[in-house]
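Chains here go by letter, A, B and C, matching the order in which they are written, and residues are numbered from 1 within each.
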Amino acid sequence: MITIENLHAQVEGKKILNGIDFDVKPGEVHAIMGPNGSGKSTLSSVIAGHHDYEVTEGTMLLEGEDLSEMNAEERAHNGIFLSFQYPVEIPGVSVTNFIKTAINANRKAHGLENMPANEMLKKIREKSALLEIDSRFLSRSLNEGFSGGEKKRNEIFQMAMLEPKLSILDETDSGLDIDALKIVANGVNKLRSKNNAIVVITHYQRLLEYIVPDFVHVIFDGKIVKSGTKDLALELEAKGYDWIKELA
Amino acid sequence: MDFQEKLLASHIAFEEEIDLTDPIHQLRIDSLETFEAKGFPTRKDEDWKYTSLNTLIRKDYALFPKAETSIDLQKVKKYFLYEIDTYKVVFIDGVYSPFLSNTTHDGLDVCLMSAALTKSKYRDLINTYFNKIANQGDSLTCLNTSYTREGAYVYIPKETVAEKPIEIIHFSTGEEKSLWLQPRNLIVVDQNAQVQIIERHQSLKEHDVVTNSVTEIYAHQDALLDYYKIQNDLTSASLIDNTYISQDKNSNVKVHTFSLGGKLIRNNLNFYHKGEHCDSTLKGITILEEKQHVDHFTLVDHSQPNCESHQDYKGVFTGKSKGVFNGKIFVDRLAQKTNAFQQNNNILLDDKATVNTKPQLEIFADDVKCSHGCTVGQLDNDALFYLRSRGIPEKEAKALMTYAFANNVLESVEIPILKKRINLLIANKLGVNLGLGL
Amino acid sequence: MAYTEEELKKELETKEYEYGFYTDIDSETFPIGLSEEIVERISAKKNEPKWMTQWRLEAFRAWKKMDEPDWANVHYKKPDFQAISYYSAPLKKDKYESIDEVDPELLATFEKLGISLDEQKKLAGVAVDIVVDSVSVATTFKKTLGEKGIIFCSISEAIQDHPELVKKYIGSVIPVKDNFYAALNSAVFSDGSFCYIPKGVRCPMELSTYFRINQAGTGQFERTLVIADESSYVSYLEGCTAPSRDENQLHAAVVELVALDHSEIKYSTVQNWYPGGKDGVGGVYNFVTKRGICHTHSKISWTQVETGSAVTWKYPSCILKGDHSIGEFYSIALTNNYQQADTGTKMIHLGKNTKSTIISKGISAGKSQNSYRGLVQVHPRAINARNFSQCDSLLMGNDCGAHTFPYIEVRNNSAQIEHEATTSKIGEDQVFYCNQRGIDPEKAIALIVNGFSKEVLNKLPMEFAVEAQKLLEISLEGSVG
């Protein structure tokens, strides 16, 4: 699905990623863990194509295609989805209107006509049920006045609607109480298939109890310093992050 | 001869009394020419749409007060912050009163404009600061400049904290039946210096007095200035206050204007930012009755990035009084990351009272946070009912709520005794008995 | 790689006005200049009754004594009023029985604009009265309206067929001497629309007029009069596009609305006159006077989407004369390149328990200047007047300006007035969020601007709202903040 080799990136001249290597195959779930400031969120922004981040070295291939030539929306058209740690508010634009615009933009990029209204409606109903989203919620302005849980649920709802190949969930568990966490995790699990892949970025292993990863990577100082199975997450939980700093 | 002509014609006589070699002689002449060309503003000028000077300038005024009048300290003590030690620059009918004053040259200068204008050691400062920030196209400012002779001169040197507040007080005695005063103040707060200033104009008996005052203030880098204007004059006294403030990098200037009395007051309060990270605060409480008229005209010129301004003006109007608020926030295209806020709230308590408010934003930069809000209304009926249901009579309940509405502007007053005084003034004005434990 | 804002801005700036074309229709045009003789000739040409001619002459005499106002926050070269031709009409002046008889080239023009009569006819219940260069050339749906007693025709026809109504109401809301442009319009207006809804009738369809400026150097002086009789309702749509020309064209329309007791008028405008090129050359001067009077328990609601014109000077207003009357003003004003707009409203509270709402959304891009100017006036007898105003500005880029000049004058202590204003920009994070969902930057900007304008767009009739959204999108091209 995605192959990243020796990825170096910087923001405003400050080096954040110092040679990331990692490979995700279809059907897999990878977790990326690490202390604050280790470069976890930078990695997600770089994959999504945020223009503040400059790739200075290395390659990112999505199903063999070079991502560096694509801008953010083209990466989205090719199936990359980022669930934002801090979803942005857009006043006056309803959740429905936004998702409609996004779906049709993606369809247009693939030479498809706009999705017929009834089909759209059906899909919205189906996916909002999956995440236990109330229909009143859909007419509210995007993320405006949303609680932390509503924002994250809305992100996963969009993921369900857009059906991406590679989803990156950036700190999706932050700001969620246990009930909201279960709903979100349950939604994500239902979206797992052998054709897509998910990268979960998190500080704590709490989320990984619900979204069980095939692989866990620990990132520190812009590098993956240790990889393993889900047991690594438990080890981190027990021992904290200090010991991995010595690995770096 | 109308009063404007008198002002023009009397200038020669004025000049005969002063030193023609002082550094601003030519400036006086030029300013008079500007005033002659422009005349007094009229309601046709957009900036004077809601305030007419006609009734004032139809009358005749003495321009040159008689020689020094003395007043009994006991009679005027209540106008000073007598509870605490302060520097004082006091004028009686426009003439300096050494008896009531308490000036200094010890580490800082708190003295007279006349001295600064005539003594050679101040010449450089006068050349650097005098009339540099004042609007040289404004006719009333020019009129003041052309007659500049007296006022307060304050200089706080670098790294100096003035230990006592400075009171600048102008008394008019009524010895002249009608009097036109034009004080001129210059205040320089040098780098990292701090000072608190209180300015007051007070007539001692009913008579026609008009003060056309100009104050120039320079707050240099990291300077801190708190300025309080107490406007609680008799109903025969009018004031046109022109204040110009220049702020350098990181400076913080707060101006509080308490307009609680007088006949006609016009406050032209102008802030100009000359460096980044300036902080400007403009607060006002206006409580008027009868036929009083107060016009607050503010300008904050955001010409530098990363500066902030906060404006909060509250007005309570009874009788046939008239309140005007005209606030202008200007954000230059260079002034990115500006935060500029303006709030004007008014309560009309009588059906003949009027409020005209015009909060303006002129914005040329995109990455800014600017907002203004204004309201005109009455006291909240539900809250009023709540108080009455607890047994507080309606009149008292209203007074209490009005007091609460106006009073929160006082929070930022830094001199405790002044805060207490103003608090009392407001309470008295609104008929609230503070003894109730408020 | 992703766009930088600068790159995007550059690319977008190369797009030109889509509707900038010129239709070649034979026209009869008067010699240029203005005099009593020309005023009389206009009146004679239209075969007007004597009172109308006299009314025009009175306006002309008043106008001669007036000065062009200069208080608005706009800067432009004042038009030479003697260098304008005051009358131009398509030569084929016959009335058309059917749409087939209309000049095919004209129809083609409307099709280019996406507002062909055919399309319009198909749109549910929209009757279209088209004004091309001043004279009405086609009216549809007249029959349906006729059955209800609704009069919807050109003002010239109304002067001939319903002189009693015109005489009673024309100039009753905007007196001939009201202002410079209104006086000029009163003297020389060529044509416009007239609408009368009888007592108790609810107009079953949206009434609609499309205006265009077509003739080079022709000033256009539309006159619209809408009268809603007691307990009636009408929704009126006005839309404008204009072809691209290099000379500055003057447009000084007058719109008068009369809402009698218990009636309601909704007046919606989409204005897209030629805004001038991206270098600031050309464009329409739009100096419009719009005002409505509300009698007891009546309501007037102005909704406008202003995207066009080089210079706009426009304040649709409500005189809330009757007790319990309501005035509303919803506005989106978008300026780009060198456009200048000074627009807003006046809400004059005279009656008791009168209410007004003002929602203004200003969007400035390019090197444009966008001003809101509004007056809320509460007179001493207007007990319990209520007003809520909200003015929001969105700045895109650092070469434009957004200005807010609200005037609030309250002379009654029972009034409740609230005014709020904010200024903001489009966040880069908002654009990136959209990008990440596959929405390109241009579309993202359009989406965010539409969101910003939503409260106003919602007030437009459905089919108009779609068109307005499209217009915002087109007008924004060339500007990303």
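Descriptive notes on the structure:
Following the convention adopted for this analysis, a contact is a pair of C-beta atoms (placed from the backbone, for glycine too) under 8 Å apart; a residue touches a chain by one contact, two chains touch by 3 or more.
These numbers were taken from a predicted model, which means no experiment stands behind them.
Look at the CA centroids: the one farthest from the centroid of chain A belongs to B. Each chain gets a centre from its C-alpha atoms; the one nearest the centre of all protein C-alpha atoms is C. A straight line joining the Cα centres of chain A and chain C is 47 Å long. In terms of their C-alpha centroids, the spacing between chain A and chain B amounts to 58 Å.
In whole angstrom, the spacing between the mean C-alpha positions of chain B and chain C is 45. Those residues of chain B lying in contact with chain C across their complex are 46, 50, 333, 336, 346, 348-378. Chain C contributes residues 71, 380, 393, 395-425, 481 to its touches with chain B in the complex. The touching residues of chain A, counted against chain C in their complex, run 48-51, 68-69, 71-73, 75-77, 81-82, 84, 87-93, 97-98, 101-102, 105-106, 109, 141-142, 158, 162. Against chain A, in their complex, chain C makes its touches with residues 1-4, 427, 429-430, 432-441, 443, 447-448, 450-455.
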